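Down below are the structures I want you to see.
The following pair of complexes shares a single chain, subunit A, combined with subunit B in the former and subunit C in the latter.
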Partner chain A sequence: MSATTKTRTAAEGRTASKPAQASAATRLLGDRRLPVLVTVGLFLAMYIAGISRYQNYGFGEPQVFLNLFIDNGYLLVAAVGATLVIMSGGIDLSVGSVIGFTTMFTAWLVEEQGLPLLLVIPLALGVGAFGGFLMGYVIHNFEIQPFIVTLAGLFLFRGLCLVISKESISISNSTVSSMAQTRVSLGLGELSIGALVALVVVAAAFYILHYTRFGRRVYAIGGNEQSALLMGLPLGGTKIAVYTVSGFCSALAGLLFILFIQSGDPLHGIGMELDAIAAVVIGGTLLTGGSGYVLGTLFGVLVLGLIKTIISFEGTLSSWWTKIATGVLLGAFILIQRAMTARKQT
Partner chain B sequence: MAEPRPVLEMTGIVKEFPGVRALSGVDFRLFPGEIHALMGENGAGKSTLIKVLTGVHPLDGGTVTLDGKAVRIGSPLEAQHAGVSTVYQEVNLCPNLSVAENIFIGREPTRAGRIQWKQVRTQAAEMVDRLGLDIDVTAPLSAYPLAVQQLIAIVRSVGHGDSDGEGSGTKVLVLDEPTSSLDRDEVLELFRLMRQLRDEGVAILFVSHFLDQIYEICDRMTVLRNGTLVGEHMVADLDQVQLIELMIGKALDQLEGLHEHQLRSDVGETLVKAEGLGRTGGIAPFDLEIKKGEVLGLAGLLGSGRTELARLLFGADQPDSGKVTIAGKQVSMSAPNDAIGAGVAFCSENRKTEGLVLDLTVRENIILALQASRGWTRPIPASQRDELVAKYIKALDIRPANPEARVGQLSGGNQQKVLLARWLITQPKLLILDEPTRGIDVGAKAEIQKLVVSLSEDGMSVLYIAAELEEVLRLSHTIGVLRDRKLVAQLTNGPEITTSKILETIASGEHQ
Partner chain C sequence: MSTPSATTPSRWRALTQHHLFWPVAVLIALLLVNVPFTPDFFAIRMTDGHLYGSLVSIVLFGSPLILVAVGMTLVIATGGIDLSVGAVVAITGALTCSYISDQADQSALAGVFLAVGIGLVAAVVCGLWNGFLVARMGIQPIIATLIIMVAGRGVAQLITDGQIITINSEPYKLIGGGYWLTLPFSIFIVAAVVAVTVALTRRTALGLLVESVGGNAEASRLVGIRSMRIKIMVYMFCALCAGIAGLMISSNTSAADGNNAGLWIELDAILAVVIGGTSLLGGRFSIGGTVIGALVIQTLTTTIYTIGVPTQTNLVFKAVVVIVVCLLQSPKFRAKVFGAKGRARTTAPAEPATPADAAPKMEVSR
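Here is the complex of A and B:
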């Protein structure tokens, strides 16, 4: 153990030493950014491998890269919400159900009730956020594990889908279809509205997490909840807000999913909470909370998307290989996390 | 010394927990610019008083006056706002955040809701610098050892109450056992910081089990015993023997003459030998020999390392240094299983949490250790089991003498006997008893003591830990004296050894 204080008073009559310089390897392993860097490196390696293997099929086209955002925008938004929750040391299993419910709720209001889209969008977002708020409230005030409370939310919202209708409702609203087809040109290629919204959400989450007191409280609570309480931080408000944001993100992801698929279906989004959690973990956020970056989540989603792209380019592989690859990656990243936390405990 | 007005005055503080009166009418005052020690054995009410002061527990009676104004402190946050900051034994900071952020979190300077990181870093660096510390505030907290984290917690505490980071808004700083896991240099650094804050006019309340530290740093002390105020003294006016008398509530001459020997004088060859056995943060390396049939008593204040020593000999904690030889064979002591295999049995002082399974029956509890040593593949035949259980229930006079009774429903003394029976059934060579008589009635106490004597006569070695010195003195052949987590002396019991002699050894820390 090394003392790290300088001796100012001669009376103490002793010299203090600087902390011993850790070796480069241990410092790298201790760096909280390491998992994110690994994810970025993995993405680049996969991308370069894809380009060299499928050169003749146009894998290197900028649009193939941009399609990752277009095809996975909804997942990215859901994963950003999940990032906040996991960072605070919790978990949200209701994501997929809220997405499914939002598609049903929106399709039903627009198609069968004839409500204007401008009213339906805030309504759908509000319902998602309120659902998250309720779960956060129960988690905090009754001190119940987030796992159980959001599991209840998962069943509740999935059930509500079926209350609206057992059949899927396709959306023929002209505004929705024109929005879905709108492409914004970036010179090299183009992005959909959904992809743009997702990028805005990532930027907003980055700002909130790093430049607001709320964001820092999320890190503090995830780091050590008891300490955060004794430091006088408002625990309850922060936790409830985190689940509210997650609910909002899930509802927004549901709206983007509608743009992507143009229908409401009680079976939409089944298991998507697990995709979101996988993206967050692959993006380097510790499941124990307190450590992670929303940009890591962005790359986590991109890696998952790239796996799908590569498998579709390969042509002969079944789409189940996506799941297998995700499983292998997830396992590898959990092991990296374990190595990091084990080092910290020594 | 002319007495200025106290910054904090607590008068007639009463705190009750269900069935226990933790504090009954305690008065406490704290002057600006002093370091004040709160003394007392465990359970004397120190922690309760601190928790009342810092708003963790609401008080049931009495008044708290801060700076001449009556205050009601309802939560840790309110205490901080009122100018009372606490640094706990466990550092309550977030290891995943930077040092600067830990100092500022919850009150970061913001502009239009945006945290001004540059300001956070420069102000944190200034605060750290003002207190004479050399800490890189941009490094994560986890990069620093616990001792430095504790200093950072103090920086955070004293910086509380003012948003610009200049000066100090803290009037009272409570340090609850901050030194328990620090080494000597780290303690000196903490003391330097404490003196600086004291000279700036902060009133510091310091709690520590280490008497030397109290005498080194404190100006005044308040002594509590059993939830009542014993007295307030200037540290300079009270020597360590007097302080210990006040803490345990018995004058030395009162303890004299209680001491009778009924021990067999001859003990056998060496059974257990520990050489340089120690554990950082537990107990300093010690040498110890226990002979066959010997009762070795451990004396020392609570927190002096008695239990820690016993746990090392049982492998419940892993030693960092030294080795143990039992009956001539070296034992690795990396887990209790090693010790049990070598014939060591350990009855924990926390019989309810570390000993018995309260929801199981007397029979199941008694048979547990024997069954565990045989392994689950070789169950003890029912007839043999019932016979053994009946034998020990009778031998130890466990009441009710019903093997089907749930242990949780037994009285403390009978629970202790069940725990004893469990280990006796395995026929250990060394029996470690950590406070076996705590919280049990006088009759059961005498029975257990008699049992220890007869076990010793039968050739079993016993390591006996008790808070009451008379008890240790009455039973032991040899008395190991512990102080500040160090085995400072081993006294061979004899007519010249008295409780006052032991107390003096505890107080002076050396064999006289």
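Here is the complex of A and C:
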């Protein structure tokens, strides 16, 4: 900061344009919104590149853009939950397993036990949230690393999937299939129910994080747990709530995944926690916690979705390029973050 | 006092306080559980000049896990973690098998050696990258190694072109599926790696350096330990171990599967390390404990098969084991649960010297 003020006074003295530019650059580099802006820029660049390359294949259609939300709605919801956890300085590895478990649990209750869907949905959400609550409780009360506790959660929920059934259960419930096919017209194109729910979740998370006390507490705890405690913030309650919300989001993502794929399978959602974490990081949330934006996560998910779309438009590229591209982007953004935090410390 | 024998309380206490006591006890208990279901569980018979038996197969199938877990132990001892081992397993297997399958004579020794060399070099390069990110760039280990965990499987599939490459190479088959001196050859590889690791860490100062870096990286740097170099080295070693495990897995099946080889092995390895009594916080480690931890996991899997529990509950079992072991390691949990009942019980956990360890020591002097 002191460097910035120095250059600014120098700029005033000489009225030269060069130092003023330099100070603008340093200010930009110190800006917390920089990673989000980089992600938005990256998304736009990829999108424009896609349009110019696949113009004749209809890449420019608005529906292609809206399909990003339709195809990645579940990932978006899961990533919002992961954003909260990472912002509070923790990590949740159980996301993919909870998604898989929710698909299995719902399919089993609806198809094999014949329970009404209206009862099953809150039940599934409740189980997910309760799982998150338990993990948060153990993490806070017994001071075990979040990494290892949620790892146990990962095993537990994946195991419970297999306990329900080893085979995939397809859902033939008419309500589910009609909900899955419902499209809401937006003038330019249409969105599925899952995409709308995901957007509502993003809006809710945005409101909670920026306009409620709970949101400020999450930022404070992620920034510095010790100071947050000394300021008298309810550390335990907030931490447990964060993991509960993450569990809830994962379960909701599982329900959206069912709408997307219309079956329960013990293998659903394997490795999705990595996608969610990658989206959060690419969206500019600091992995050490305390800094980040839900909107960044939205763009992180969109970037990941766009990679898939471009690869499918390219046609000749195989699916594993998705993984490689995700990994490369992840690495690049981690290095950007590192450069930023190093600057802040000095 | 809850010690059962009044005459030799100190010896008993010394035994239960040994850091390997609980892992070994769990292992023995698990092995004994099998006896009522398969009476000849401990029997080892000789067929075609090879030894067969449940114990041999536990070690045989557990050997990739032991290797990965030994490498992971050192990484965890420096306070880090390596999530990329599963992907490294896949990359090594894929590279080696694709090189061998391109050869005109797949059984030619020179070709196999070169292929193995290429695979291991690739593994070490992955480790170098992890170490570079963690030590030089100062990125959290979980995140730094996540990059290769995500991208590595993609790379492995790229190498194998999304196919499962099958090979037919006698010398390569020896690594993971062959026999030597009546025992599976992989047992000798594991024994050699473990012996070299123990010798390097306990007979030289290297182990001490690793522990000091894990205890406090900054302080150890100030006393003159090149903590950065130690960290990079440890990640490279871990990747090398994962590479050897990758050779073993692909050689056992004579095939390289970029998608499924070594899937979840990072989690099993971390679990093995934790069961073995190495603290996830870093600063101390036990190679012997890790080996036993890996055997416990493999025995658990075998036990689940033999006693007829549906195999799908395997993961639930593992989850329960992780939770119980972690709770026992948590000083706060011990204080809450065992604190009130009697302090002798607080020595129960396998992990010997956490901050709460002051309590049992005081109790000895009383």
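Everything that follows uses one rule, which is that the second predicted complex is superposed on the first by the 324 of 346 C-alpha atoms of A that agree within 3 Å, B and C clash if a C-alpha of one lies under 4 Å from a C-alpha of the other, contacts with A are read in each partner's own complex, and residues count from 1 in each chain.
Following the convention adopted for this analysis, a contact is a pair of C-beta atoms (placed from the backbone, for glycine too) under 8 Å apart; a residue touches a chain by one contact, two chains touch by 3 or more.
Since this is a predicted model, take the numbers as computed values, not measurements.
Q: Touching A:219 in the superposition: subunit B (first), subunit C (second), both, neither?
A: After superposition on chain A, A:219 lies in contact with subunit B alone.
Q: With the two structures laid over each other on chain A, which partner does A:60 touch: subunit B (first), subunit C (second), both, or neither?
A: neither
Q: Based on the superposed arrangement, let me know which partner A:32 touches: subunit B (first), subunit C (second), both, or neither?
A: first
Q: Looking at A:227 after the superposition, I want to know if it touches subunit B, subunit C, both of them or none. Which is it: first, second, both, neither?
A: The answer is first: A:227 touches subunit B but not subunit C.
Q: Just subunit B (first), just subunit C (second), both, or neither: which does A:138 touch?
A: In the superposed model, A:138 contacts subunit C only, not subunit B.
Q: If I apply the document's touch criterion, which positions on subunit A are contacted by subunit B in one structure and by subunit C in the other?
A: Comparing the two interfaces on subunit A, one with subunit B and one with subunit C, no residues are shared.
Q: Spell out the part of subunit C that touches subunit A in their complex, as residue ranges.
A: Residues in contact with subunit A: 81, 133, 137-140, 142-144, 146-155, 157-158, 161-162, 258, 267, 270, 274, 280, 310, 312-320, 322-323, 326-327, 329-333, 336.
Q: Along subunit A, where are the residues that touch subunit C in the complex?
A: Touch residues, subunit A against subunit C: 91, 138, 141-145, 147-149, 151-156, 158-160, 162-163, 166, 266, 274, 277-278, 281, 287-288, 318-324, 326-328, 330-331, 334-335, 338, 342.
Q: Okay, in this complex, where on subunit B does subunit A touch?
A: 76-77, 80, 86, 88, 91-97, 101, 105-106, 108, 110, 113-115, 117, 132-135, 140, 142-145, 147-148, 151, 156, 183, 185-186, 188-189, 192
Q: Please output the residues of subunit A touching subunit B within their complex, sorted ascending.
A: Where subunit A meets subunit B, its residues are 1-6, 8-9, 12, 14, 16, 18-19, 30, 32, 210-213, 216-217, 219-220, 222-224, 226-233, 290-291, 344.
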